[in-house]
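In this document, chain identifiers A, B, C and D correspond to the written order of the chains, with residue numbering beginning at 1 in each.
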């Protein structure tokens, strides 16, 4: 029966019933007018989520990794230099992807738990007087460490260095959950996916692309076909798709957008912030440490937590799954065995999160962690009570 | 987003995804062979749930209330005497139904919180030397008070009085959750529904009928058509239905039975007992009282809890719903304003229940109940940990 | 794979995907405000379908048979006289139901294939100077014979006789498919169900009740509990239900109403008329006879067709099911073996119906009926083409 | 209401209800043991569909186009020579893809309507004494022309030339519908997708890869990340996925495989052959010509049909959609305006196909094609009757 428990992994997220239903779409002809009438508004409405009016939204039937590849292939050529900081597993993987595509990757290695090194970026860009650096790649929300970076700061650093490089941002685990302002921040490509803030099944890479990045596609010589912006934008222009589109996800996206707009993006962000803070209070009550180095870096979509010395976080997450049927994120890369992660994004409520915290307490107690049952739950309850809105205040 | 929270009402219960899918059945011809091949085994397999080999299972597209009416109409005639004890809202309603159908209802009034009065039954039956009493009606699990009665005891009382009356049992909120042994207990009609232990949508009354009760249908003169056992058993004999059957619920029932058999009925009962005990420990930790008068009466499917003096339970349940989006059962009848109820039957896990307990704590704290956040949760966690099975023991 | 074929039985009808999704509702608390907000507008909007502003809509978790019983039990007393004409299986069954409930049923027997005998009704009512007849019961659309009766004519007959009897109409297989005007026709109770024109799963009886019929509930002494209008109207008044409501069907009904209103009731009726006429042209092309005695009686929701002398219609419907996986209605009662029925109501298109006609042709050819393959299909195609609307005309 | 009509495009195919349900999977942790237990058997069972025991199955969350790219990127290097024949839109696109990836594409241009030019292949390979040709690329079923090519013949030609090139086959619209024997035919990479013979939603590229092709991935220098066989096979080895997997499609694939195995692959092939032949008889009855040049080339999954001189096939398909709500395939590339296509693969029945043929007749009549209503339907009915199996024969 445990398949009824929510998951607390940092995506894919729990799918609301409403979206589950919206994805139940019988086959329709994607060359018929109905498809155009559905798809074109989806692309248009996605722009509001990215915070762009100038940009173009491009989707592929792929995962977020495919989105990274699309960003790189369509704008760069073999040998091009890109500047990237590595401070977690996902920034690491993007670096690796660039290397495989023959780019010259200038890596700034940071501690895992740090955010995007704005000062280092500024220095590196200032030093690049020949403008060899074609793009700066930043992971907005590093899912491996629970760190949200300051994209506005990166943009400021680029501007300070007066550098023309493009700015590519991985917002897979932040978009539609944490504020994102593509135009304001001067982001050239923002890469996301269907399975996080959009609360849908996995299978669609969703990119916001600036006019500048779009223009780059004509010069870029990295080979691509499936992920080719040229075919996609040409087909999208008349509401079509260059090959068979993932109909079910497109209809799901339509409904997801409706849900987000009905709630209001600011409310969506506030909800994530509130849920996250409750989790952090529980972590503090347990006496455990977050991987994120400072409050300004705390992610509102995932918290990565160090287990105490002498404990193995994989044993904890395995046990939570085996004994209680609840999934938490494991520690990735160098964080493996040392960190567990609590996803708190997408379709989750305070009530659901309390069950996750209660489960962690039971699992830690089973494994002799120095944790008091109910302590983290109470800290979170206290915070959730205080912030539950008008209903609570009027009740008191 | 709160529509993703589970409900903690004592039925209808949370519907598992597997059953949600199983009920998605496109229209098929109920006069075609496929229907027979599906329906007949469902009726047969339901017998194992009732604990009967001699009995016949009869279903109607109706609620449990319809099941009560079917039991009465098919076996009794206007003016017949029935013996019933009233100790909660559902026993009360069954009495009312009998009165509307012109029966002479001999009522034993008990405190709400008591169980079936076995000694009083014995006395009343012994006094009925003329065998005017045609049926004894007992509510196995009184959903309004969280009390499970001793049906074996009632049977023993009937046997002790050597009385030929039929024994009708309302097991709507106990079947497939709490042990039920129709044949062993000499139950003549057991009335249940699709929306509790079977974890399905509301819409099907499910009755177990003994040969003796079935024979009574030929003498019974209460008018009935929709609920007529004669039409139904005649149609069922060849795998059919006397009118349009509720196809979706029948397919759902097929899958529900498969789930129950896969888990094993004893495991289903043990799961409910474990979940219920955790809830009771939380109630005790809060310093609150159950309505059920003694541990032997505690229901494993629903706990009815008195609020402290000076508090209004309706305010509490309303607040839990409005502030946290979680539904609990309200106090019914004379328990209104004084009692809230926690349903813990059907598709629920320890993890889900902890979120319900945590919600109650927040709601009580909001309303200034003398309750410590996390206290009930911790008591339940402690119990669930100790009883979580092999995985926990090997982890420790 | 044949489970993908549509059914051509006269209900339950093919369920559109949109309604299939709408019925996928996770359990919610039916005592919570959300339920009220959903259910009350459903009851209100159903009035437009019945064509009533004065009446009250009452629903039960039951089939149409339950709706008949509710109509009778709530308005009549044992020994009351009702006037009914029998001209098919469903009028026959309603008579039987009345008899079982101890009514004095004055039956006018008509040929199966005839409609409601307006003149006989007038005569019988005129003869009833003592106004013993409390209700006239009429089957609007006799599903067994494919006959639609003239309810306005029956009302005129009642008025001509100046008789105060109530008028009860079975519109199970006509409502939301064939024009129905409860107020204009002076109908006191109209009985329908969820599984025909509403295109939903079986499980809800839906009644329109006039103020006069509602007032009768206080005098009526037939016993009833589950179907008691008093409990239901009292609970409905505050948006509630007297027992557990069939949530999934209520949400389904909400969406069904939206679909019907979006299309427009007049368009819904016109669609059914067009589909039916195509079927009738096919029947004519095959040289077969309809059971309905004259064009004015032809039903737009179901056609009952005589097989030629020497053939057994059950062999035909069985064969269509076994060889081609398609369900048609069998002949009921005295029509058994002599008649097959083509349902053409609810969610069907001209295109789907053509596949049904093509199947019948194959099945008839297999069984050596004197029928030319493609002949009925061509007749229907010709009609559908001519009536396909603007798109066709502009193409030509 | 026309959204209830089946589609007759050559994929995505109509999704059976059973698979629609199977894809309704709530989020689960893809790093948990449950995923491994589901995914590994899916990969293993897919081998039977490809007809391989030696090969490895590799899947990507992408469309078939992505599968082509994966095949090329993982086995070849810029400048490598490949030999391809162009005889339709999909072979044309694969050529284009190779060119974009910097391959030296040796194209054999054939008439559209021809199949793979076995003799030309033999000659070209024999001429390539230096073994510059690294791979021969063949489209098994050219969806644009309704032509199925002789893969065994291509293999024989390669063997006759004693050439070591790899053989890549696009079987997107043939796998699980038309016999395919990867090992017997010596296919090195077979590329398919979820949305055709598997009857699922679009979103998964499915490849069968021979040991030889797999070994090539270590030498291949074309850049790739998302589609990298190395990451995928490494992750698959332990039942995992290198990034977020498309859970819903994987569960759907599990059920699709179960359906295919239950029916039996030979029966699946026979069913497609029977449905296709009925369509071809209708086309013949209409006096129209197939694009496929000879019976040996006729595809059992799609028929491409020339419209008569002076007619525009786009007008026909538009009209069928607008007037009757039915989708057929349009003519692609040089076939545009001249050809319409009838898809007859996946979840379709004879009965459903007859409705498609009937629709085409109506649409053609509306547009003044010289076609008799019912003529094609009758030809198909006649064939379907004769081949409907035991039920029909015993009825006669």
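What we mean here is this: a contact is a pair of C-beta atoms (placed from the backbone, for glycine too) under 8 Å apart; a residue touches a chain by one contact, two chains touch by 3 or more.
Computed from a prediction, not measured in an experiment: that's the story for all the values here.
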item	value
Chain of greatest Cα-centre distance to chain D	B
Selected interface, A-B versus B-D, where C-beta contact pairs are more numerous	A-B
Chain centre separation in whole Å, for chain C relative to chain B (CA means)	35
Where chain B and chain D are represented by their mean Cα positions, the distance between them in whole Å	53
Whole-Å separation of chain centres (CA-atom averages), chain A against chain B	45
Per-residue overlap in chain A, given as positions that touch at least 2 other chains	3, 14, 17, 20, 24, 26
List of chain D residues in touch with chain C within their complex	1-6, 14, 16-18, 263, 271, 315, 319, 322-326, 347-352, 354-356, 358-359, 361-363, 365-368, 372-375, 377-378, 381-382, 384-385, 388-389, 391-392, 395-396
List of chain B residues in touch with chain C within their complex	3, 7, 9, 11-15, 20, 23-33, 60-66, 68-69, 78, 96-97, 100-102, 193, 195, 201-203, 222-228, 242-249, 321, 327, 330
Touching residues on chain B, where the partner in the complex is chain D	17, 20-21, 24-26
